[in-house]
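Each of the next two complexes has subunit A plus one other chain: subunit B in the first, subunit C in the second.
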Partner chain A sequence: MKKIIWLAAIALLLSGAPELPAQTGISREYQVKAVFLFNFAQFIAWPTNAFADPQTPMTIGVLGDDPFDSFLDETVRGEKVGEHPLVIQHYRRIEDVQGCQILFISRSEDGQTGRILAGLKDKNILTVGDSDGFIKDGGIVRFVMEENKIHFRINLEAAKSANLAISSKLLRLAEIVEPGSD
Partner chain B sequence: MDLDVTSVSKQPEPYGQAPAAIQVITGEDIQRSGASSIPEALRLADNLDVAQKNSHDWAISARGFNTALGNKLLVLIDGRAVYTPLYSGVFWDVQDYLLEDIDRIEVVSGPGGTLWGANAVNGVINITTKSAKDTQGLYVEGGGGNWLQDFVGARYGGMLASNVYYRVYGKYFDRSSEVLSNGNSASDSWRMGQGGFRIDSEASPQNLLTLQGDFYLGDEKATTGDTRTGGGNVLGRWSHIFSDDSDMSLQLYYDRTHIAIPKPAVFLDAAGTLRDDLDTYDLDFQHHFSLGDRNRIIWGLGYRLTHDIVGEAPSVEFVPATLYQNLFSGFVQDEIKLHEKLFLTLGTKLEHNDYTGFEVEPSARIQWNATSKQMFWGAISRAVRTPSRIDHDLREPLGGPLPDLLDGGTNFTSETLIAYELGYRAELTKKISTSISAFYNDYENIRSSSTELPSSLLVFKNNLEGDTYGFEWSGDWQVLDWWRLHGGYDLLEEDIHVKPGKTDFSNGLNETADPQQQFSIRSSMDLPENVDLDATLRWVDTLHNNNGPNPGTVPSYFELDVRIGWHPTKNLEFSIVGQNLLHDQHAEYGFPGATTTEEIERSVYGKVAWRF
Partner chain C sequence: MTVNLLTSSAVLLLTCAAFITYEVVTLHKGMVQGYMTRAEIIAANSTAALAFQSEADAADVLAALKTDRRITGACIYDGTGKIFAKFPANANVGLFPAWPTQSGYRNGHLEVFCPIVQGHRTLGTVYIQSDLSALTDRYYAYAWLSAAIIAGSILVAYLLSRMLQKQISAPIVALAETANAISKQRDFSVRAIKFGEDELGLLTNAFNEMLAEIQKLNATLEQRVQERTAQLETANVELSRSRAVLESLFKSLPGLFLVLTPELKIVTASDAYLKATMTKRENLMGRDIFEVFPDNPDDPNATGSSNVRASLNRVLQSGEPDTLPIQKYDVRRPDGVFEERFWSPINSPVLGADHRIEYIIHRVEDVTDFVKQQQPQKNSIGDDNGLRVQMERMEAEIFRSSQEVQAANEKLQVANKELEAFSYSVSHDLRAPLRHVDGFVDLLRKQSAEKLDDRGRRYLDVIAASARQMGTLIDDLLVFSRMSRTDLRRTKVASESLVHEVRDALQGEINGRRIVWKMDSLPQVEADAPMLRQVWANLIGNAVKYSRTRDPAEIEIGCNTVNDEFVFFVRDNGVGFDMQYVDKLFGVFQRLHRADEFEGTGIGLANVRRIVSRHGGRTWAESKVDGGATFFFSLPKISNEKKG
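Presenting the complex of A and B:
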């Protein structure tokens, strides 16, 4: 089952329903980030050898506690990027990660992020996170909250090392940062 | 049923002769059911899916697409369209009238675009109030209960001059909150006051003049602040009779609505208020005449100007904030008597709107009066759902260099329907009548959303298509002189999917939220000692609601409404109404979760009514 919660958010707004207090399930912050991940999958090119064959699924992995609840699973189910069906995998340990193209590293892994990213170096995986220092630790894309606005930062060098080609449509929206930055 | 209906041909014809899937809710049906609001009254139409969302909101549709942003139903009150151009839906909380003075509600399921224009894709609801002549004298009502906490209403009708009748009315109510699924209050109590008038002049036998108007103010509580609603309208209509088979009417109305909804602070956004002010000016002309003895022709022209001002809330905008829109329309329809018992009706509407330009909605209907008691009909129609402001003008910015989260599509085009229908209506015996309608609806260009970087993370597009089919049955059985039964059943199969080669963020599931089956049984008894006893049992199938924060289903449910009325004298009536009696609370809509689903509680109210 899928849903477009912004539509629902508008609907709730327009139909005057009360905004109910913090509910079970995903927060709006992670709904927005999930839509970004969906867009990353479509505007980044992986090298051909990242997939066994053209119909191999494209996998978005979530390492650690899942802040997306089931939203990511619902969002991508049935979608395709080119010929590749889009699937979600959940991992508890870095050792379990294999065959994924995008890996979102949850804040629950804070403290180990450096070690995790070091182990993924030079694999063709887009690493995404929102922890402080994610870029410094070696991550490629980081979500940042600044002055009540959301930004995302891309470490272009790390992307190149991972052999990922990022579309200019995505690049122009990002803050391009140096490997040493936060 | 002896009633004349007007929604199918824009002129009165006997219900038994109307070649469409039409159901009629009479004023008396409304009184006997104990309905205390227009949405509750609409439950009496078997061809509608009516779901109560919370204390003040309802999701109402016909033949599918009953989402929170459902947009395929046209609703009119005395000829005045009552939908919001923000999303082509209806704010049911502000559609109200003194129910005593409603003459009838005609509900047509199926496309009505040819006569009624764009957005009458899946159905038309036509609410007509009684003429002032039929509401003379003083009427007062009052009462209260646990959900409908207290209410009062009054109307006085008199004569201004010979053949000139008027009425004035006022009403007010307080409704308390519904509940959350964990039993806590949903804190959505509300209240509304409304008043109005109507003047009908039959001063000259060839000229009928009507002037009417209403105004309302409402206040809806919520944990995040109060929503305020307000509005009013004034409408004038002139009907001129040229001869027995030729007449015309000219109608002009002005409608204003105001709504201010508080929006809480949420990720990235400060708190704010979303305001919408809408002014509508509408001029409508129609002329009906016979050509020879085989053709009855009706044609008309219309113009509507809407002036909408949306005051932005943080993270939700409509661009431009202020928008004037023009809608031009013309229609023509010819009912051709092919044969004594066979009629072919051909018609089309041509409209021009500011978003998509010209739209055409033709239809062909055939009607065969097999016997004086049985009628078969069939129809092929095209109907169109034109873009509304949310499809085209919505912007949900994220700020800075980032793309918008969700935008309306500047290339958003109309959704289209080709509908194929068949129906049968019969008086099987003196005591049993029935009607059945079957439909196959082929939809194109239904709303979807996809990525469109770098400007938008998501944009509305028209990448869904598919079909729905099903049938609607209803029947009446006068079991005994004093006991009548009515039954209704609907089946709906839906296959709405993403167009091959295209994408949709919601995978084709965002536009539908419908039960596959529904049925209801209504019993009406006139008991001795001036007592009436009415009961309605309804069953609604599981609802798969896909456009909300969590996926989910609303379980199927049975519910029962009962009314006991007692009129000890001609002028006085007492009644007790119990609604949703079978469960302490149940859900009809929404998304599962301890705090996120609103449910509807069992409720009771008592009412006293004086008619002088």
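Presenting the complex of A and C:
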């Protein structure tokens, strides 16, 4: 008997984990986070040399497993940031990350986050994540869930190091945190 | 002044209204603009809040609006039109419109909608609602301000007006009062006070000059009149003296003389006559000759008186002396007994300046003794010749005497003529300053009409009227003097057409009044036509004037023939006059009614008397107070002209 239940649970888990598209709960969360990612682009100014020319597309990259499914693609379809069209890229390895302005580091990369972020230092990339300790690892923006609402914390120092100017309107909404915090 | 104030107020009111309207309209627009701007600012600041779904942040942004007391509410709608955040935080959702619409004034509030845009996407809408207290506050402020400005302006205008008025009114008032006083009291020594060197001062100067002139001329006139009067008195005295001399001369003439009027009344008799007829002078004078000396009633053949009567009539008719053959008279003694006398009478006329018979001299020679002696023979022819010579000598003497009277008369006339010429030139001189007064009053009216109030203008009217009255006076004086300067030009004049002309000329005065005219047929006369017209104009004009109080007025014009004169009359049923003062009526400047009862200068009737007497006629009047008046004047008939 115990064996059957155990198997059933595993089967459920297995079937449930990556195979839960378009459900409430997780997908709603990442729907909102996708919109937030897009909106970050509206309130942050990249240095001029971040783009080859004004029509060069802005890239939002996802490193690791993609939690957004198609949401991110749908959110940015047809949109622009200033003159730059938006483009989504998926990366598996940090070395693949090229010409990206916003990089979302998925939970799948937990444990390597520190190494990844160190490698991205001094590149004009807005690093966003929702893992614990993302800020401590060197990330700029971390999503947190509080009272069923998505908030985000911003490491201004890291942003400054990356040469990114964040609008006060955005900062107002965020929780500004010190580099060493969580 | 009221008109001025009203005009100023109206202008101010209109100006204020225009400005206020403009301000209000601008304010309306401005308010919308202002709140739209605020909404835009809020929108710009709330993009992040909407993008990141932060109601708290949106509410914060809205809360900044609390500084404006007039904002009664604000909210942010999200992209679906739902209310995302509101201000005040505890406001009822019903306060806000369910859906974003157009901005505008609604339900006593101003509502402003502004879209929250990021790039080309509309994230939501900002709504701000404010009350209209800004507007109402402004309205009140304007109302008070306007009222204050208008009140203040009116006050200032009023004060200024009064100040200016005083400057102009005071001198005019003073001048008018002076003119009035002078007019009433005829005291030309009064002078008007000058108040400044402007046009009013000039007017005052001219006025005073005129008064000075009048005063001077008055004095000169009086002096001259006194001199003339003295001269006339001297002439009069001389005249009386020579008359006395003549009288005593006549009385003591050796000869039986009676002086008769053309009506055969005894004027006087010589002493010798009185003695011969045994009568006293006082019993004879004024009585009819045949009454005093009738035929002997007991003698049926007594024809003496009737023969004499026939002779006298012949004299009156022919204007030539008439001699009678010896007549038998019966002289009545005081005791009643008749004595037989034989007298030879001659009747001779005494002609006046215009060849009318003034007197008849009845001269008799007592030839009783002669006849009694020479009873059988009659040497009438020789005796008649001697008598005629005597008579002619007498005639010559009398003619000389009457010549002296004539000479004295002429002196008087010359004196009169000089006086009248003087009046004429004086009247002319008086007119010049008067024209000044008239002219300057006119100037003043034109120049300062708007500075003057009703009272000031009325004073000017008084001055002008007084000047005009003076002018009329002077004109009448002129006419009066002219009457004596020009010569009489006699033509045959139809009195009736003259009267009709005069009546037509009076139409203006008669207009509207009921007058009943009764007119007999009037004869033709020989007279100076324009002068005679003046007579009719005066008399009929007076009749019209003094019957003004009657409705209907009755005016009767007619003519009677009395002896050898035409007696014309004008009768009216007007106010009449007291017969006590009938003598004064025809005097110069004599009026029996006050100027405010009946206008006039008092020269008219003097003119009438003057003209009529120059024609050889007389003027008189009869009246009862309040019982109408009748004015008579006589003119000699044509047939009595120029014989002999």
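Quick notes
The definition used in the following text is that the second predicted complex is superposed on the first by the 155 of 182 C-alpha atoms of A that agree within 3 Å, B and C clash if a C-alpha of one lies under 4 Å from a C-alpha of the other, contacts with A are read in each partner's own complex, and residues count from 1 in each chain.
One rule holds for everything that comes next: a contact is a pair of C-beta atoms (placed from the backbone, for glycine too) under 8 Å apart; a residue touches a chain by one contact, two chains touch by 3 or more.
The structure presented is a predicted model; accordingly, all values stated were derived computationally and were not measured.
Once chain A of one complex is fitted onto chain A of the other, the partner contacts of A:70 are limited to subunit B, with no touch recorded for subunit C. Applying the stated contact rule after C-alpha superposition, one finds that A:172 touches each of subunit B and subunit C.
Within the superposed three-chain model, A:148 lies in touch with subunit B and out of touch with subunit C [touch as defined at top].
Of the two partner chains placed by superposition, only subunit B is touched by A:28; subunit C is not.
In the superposition on chain A, contact of A:36 is made with both subunit B and subunit C. Between subunit B and subunit C, it is B that contacts the larger number of residues in subunit A. Comparing the two complexes, residues 32, 35-36, 39, 42-43, 80, 149-150, 167, 169-170, 172-173 of subunit A contact subunit B in one case and subunit C in the other.
Every residue of subunit B that touches subunit A in the complex is listed here, in rising order: 53-54, 56-57, 67-69, 84, 86-87, 89, 91, 93, 180, 186-188, 220, 222-224, 227, 259, 261, 263-264, 266-270, 274, 313, 316, 390, 394, 396, 398-403, 405-406, 449, 451, 453-454, 457-458, 503, 505-507, 509-510, 544, 546-552, 593-596, 598. Subunit C contributes residues 45, 47-49, 51-54, 57, 118-119 to its touches with subunit A in the complex. Taken together, the subunit A residues at the contact with subunit C in this complex read 32, 35-36, 39, 42-43, 80-82, 149-150, 167, 169-170, 172-173.
Those residues of subunit A whose C-beta lies close enough to touch subunit B in the complex are 1-8, 10-21, 23-29, 32, 35-36, 38-39, 42-43, 69-70, 74-75, 77-80, 148-152, 167, 169-170, 172-173.
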